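Below are structures written as structure tokens.
Shared chain: subunit A. Partners: subunit B in the first complex, subunit C in the second.
== the complex of A and B ==
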């Protein structure tokens, strides 16, 4: 665990952990609101949003990307509502149509537009490029105290850290209204809380997490982290605070273990190449959920929907 | 502003003979609500006097719950005004406590009974206010009032339907409101719970507070309530139960769907 680790693994690990946490936090509330698919939808529509932003501005700067993706997320939320109301289609189907449709449009845009000269392609969109976010100027752990080396940290790290910090802050500040409107929206509205704004704010926070994480780790991790850690955490406890704690722990665990397994697992098993870190992290998150389903202390709740009672 | 006179009215909660001159606890005018493209409530008005124990009755689909939700702004209304103790709703929300239908929430939500009751203190606690021991003691007192003191630390999914309803009532009590709006508080609860809820509501009335329930059990209207609003899309009748809850008004409300035998059981006022 020396210079090589700091140079090659420290930043991807940190970015993976921060991305996982930033997505898992809003994921808790989306799942409790039966809106888990919203996270899925957002992470898909981020693609056309980013491409359109690139086509308009011609740059891959952070802010145009964020604005484009946030705009696309907003458009998708509106589209879902429209299709649901005009077509009288159940919300899940409306979301499915919108996010696959917009993602497909994003793929077409990507192929048709001249984005080949920049780092923007379908594979990148799915897997991200976690392994490439290395810290070349790092020489050892002491580089963490060296301003020159720190200035050369991959920009994805600071971006992800800011977004994760912001989402943690928002979750703390708006904890009470968020919890109340998630549990009982009618009551929350009756005491005068702006429930529509709270719901939209949650979706926008999820979109922010998705956009920031998308570039670094790709949409596979984003989708997995919106759902797997919170769903597994719900099976561990009957307290929302503890559920959030568990979800953060599961998200960080999946990111670290997934990254390490992707890098060293295949080699230990005798294969030559490492596998995609994004794919492995998402897989670990899925395994965590599976284990929680089989062994989580709160898996057999009386009121849980879908419980068979056997 | 009419607040000085309002104070006077608020302190005088005895008798209802002069209801017309007093500020109503809840005054609705021209309330029209559309639900899924169809009108669900059409131009309903009401004047629930302060200190009343009022029932909103009508057949299934008559718009009772819709009227209550639109009154609180939970669903949008096409037109209509809501005044609470003489001021617009927006300035009187702190005086209202709402008890939604039990089935409207997911009881598998990861939270405890005490936590739900503390939600009634949301306004007091604000965004970041800490829950202190006096808040917990107050929540315990509210739970005690509905006979649920021993359940404070239970996960809400472990409660029976009647217990869930009592917890919702305890949350409303924690608001220390002057006007209580309840949506079908007796739907699907056991007899003991119904008795406990009625006792709490009557004690609220005795304290001078106003209670309005969406109610579906015609057999208990005369026992529980002193004021009723009968609607079926439109307002059919409103007034004291003694003079309003009549066979003619019931037939008008239920469109002649009540059988004679059913009406006889209601012990209608002569």
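== the complex of A and C ==
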């Protein structure tokens, strides 16, 4: 745990943990609202957004990319709603049409635009490059106090930290309306809360988390973190506050253990190459959920009929 | 193939130039090669891929219809993503036993096993825990996919020398497809289509009325298993062609498209099959016409095109048809209200009402009613009065419940019943 750790593993670990927490927070509300797959849909449409942003601006700067991705997320939410209303189609199918269509368009654009010379490809979008976000100028733990070295931190870290902070802040500020509209939308509407706007705001916050995390860690973690930690937390407790606490803990645990297993596991087994950290983090999150499904104290449905335990 | 064969015959008799090749030589090269692929003239493998894609798209559309009607469309997304670890493990096992690891059959068996495991996980999570099905789907798809990616990176390491080419399963690739692979896809697509044909009756009944299905001796659980088994088979067969991320589109988009055109399950399933086959066939032809047009995305985008077209122009459920129906209804309401206002001698201010009345010839340019307008207004008032009496006398009758301010009473009651109503109206109103 010396200089090498600070240089190679500290920043990816921090970024992974922050991304996991930023995704897990809105994920709690999404799974309670039966919108778990919104995260799935968003992470698919981010690809065309980023490619269009690249084609329009011609640069790989972060902000156009983030704007493009956020724009694509918004467009997909609007399209899903539009198709659902205009075509009178159930939401799941409308979502399926929109995200596969947009993803296909993204892949086609990517192939056509000949972007292979730049660092932009489908696999990168899926796996992310968590392992490469290293802090080169760090020499030891003391570098944390060295302003010159700190200036050289990967920009993904500060970006992810800002987004995670923003998501935490938004969750705290809108706690009451979010909780009310999630558990009893009718009551929330009756006391004058703008439930439609709250729903859209939640989806946009999820999109923000997805886009920022996507940039750093790829879309697998995004989907896994939206769903697995909150789902496992849901099986631990009946209180929303405690559920969110558990989900944050599970998300951070998955990120740390997954990263360590991906980086050091194969070396311990005698191979000299690491495996995909993003994939391993998702796998650990799945194992956490599996354990919760088998042993979580609140895993069973309560009440007489199967459908009443929402 | 057909075009080439035709050309050969025409050329050998030397009577006139082959019309197809003349056509192809005038067209821009991209369009020409597209037409060539569309008529199966772009080579043996491309033709087989086209036929395979059509069969696969057709059976995916038909099987997807049942999934769509059961409102479980996105289960297919979990199944598709859950194939990846199976592909990786199958490759590793085949290599461990000394093979090259590229046998498509072996990879597909592996993918089917892990997809089946994923499907069981979705079912178990939904049944045994309090988590909803969408959460189960999302969890399974992300975890299986993540684990699959881990395996792929392991394979990259152990297989540094040669390209395993497993990335092709993510987005599909028909480049370098072997003849045997194409044959496998075509045969699998045909088999799925046959199975759907065999099971279409019980599947339909289960979609609409699971209770009735159980009562007539059809096991809902078994039919669900058949449905999901078909979806699994289609997913696995389509892996090489469209890839696991986009295969779900073939199961979702054609049924949703077909739903615009019909209200009958059988017709929707057949239409979905036709749309799916069309997307598969045209898409693979377009893709064959140029090197950087990937097959999977193009097939999906052709399907999306058909969907958008149907959304706009389908009769009854399409957006245009709904707009026309809405406008017609609006005109009917304004006409009736305008006529009643004329009958009462009230001034009309609403623009649309004025326009509707004028167009029907009931209103002159100076906003005074014409002769026909006055007669029609009196008729509307009489009808309204008759309805009022009928609803006073028989408030509980089902027929009087059909009053909506638009339906003429003569459409609901018989002449005798209307005559008896008129006796309550009094001489003045009845004489109008």
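Throughout what follows, the second predicted complex is superposed on the first by the 300 of 310 C-alpha atoms of A that agree within 3 Å, B and C clash if a C-alpha of one lies under 4 Å from a C-alpha of the other, contacts with A are read in each partner's own complex, and residues count from 1 in each chain.
Note that in this section a contact is a pair of C-beta atoms (placed from the backbone, for glycine too) under 8 Å apart; a residue touches a chain by one contact, two chains touch by 3 or more.
Here the structure is a predicted model, which is why all the values come from computation and not from measurement.
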Which of subunit B and subunit C A:92 touches, first, second, both or neither: second
Subunit B versus subunit C as contact partner of A:177, first or second or both or neither: first
Partner chain(s) touched by A:234 [first = subunit B, second = subunit C, both, neither]: both
Contacts of A:11 with subunit B and subunit C, given as first, second, both or neither: neither
Which superposed partner A:190 touches (first subunit B, second subunit C, both, neither): first
Between subunit B and subunit C, more extensive residue contact with subunit A: C
Which of subunit B and subunit C A:243 touches, first, second, both or neither: first
Shared subunit A surface residues [contacts with subunit B and with subunit C]: 34, 234, 301-302
Of subunit A, residues touching subunit C in the complex: 31, 34-37, 39-40, 44, 83, 86-90, 92-97, 100-101, 103-105, 107-108, 111-112, 114, 122-123, 126-127, 220-221, 223-224, 226-228, 231, 234-235, 262, 266, 271, 273-276, 278-283, 285-286, 289, 293, 296, 298-302, 309-310
Of subunit C, residues touching subunit A in the complex: 68, 71-74, 77, 124-125, 128-132, 134-135, 137-139, 141-150, 152-154, 157, 167, 170-171, 245-246, 248-249, 252-253, 255-256, 259-260, 292-294, 296-298, 300-301, 304, 307, 311, 317, 319, 322
Subunit A - residues contacting subunit B, complex: 32, 34, 173-174, 176-177, 179-180, 182-184, 186-187, 189-193, 234, 237-240, 242-243, 301-305
Subunit B - residues contacting subunit A, complex: 69, 72-74, 90, 93, 96, 98, 100, 104-112, 116, 119, 122-123, 125-128, 155, 157-158, 171, 175, 181
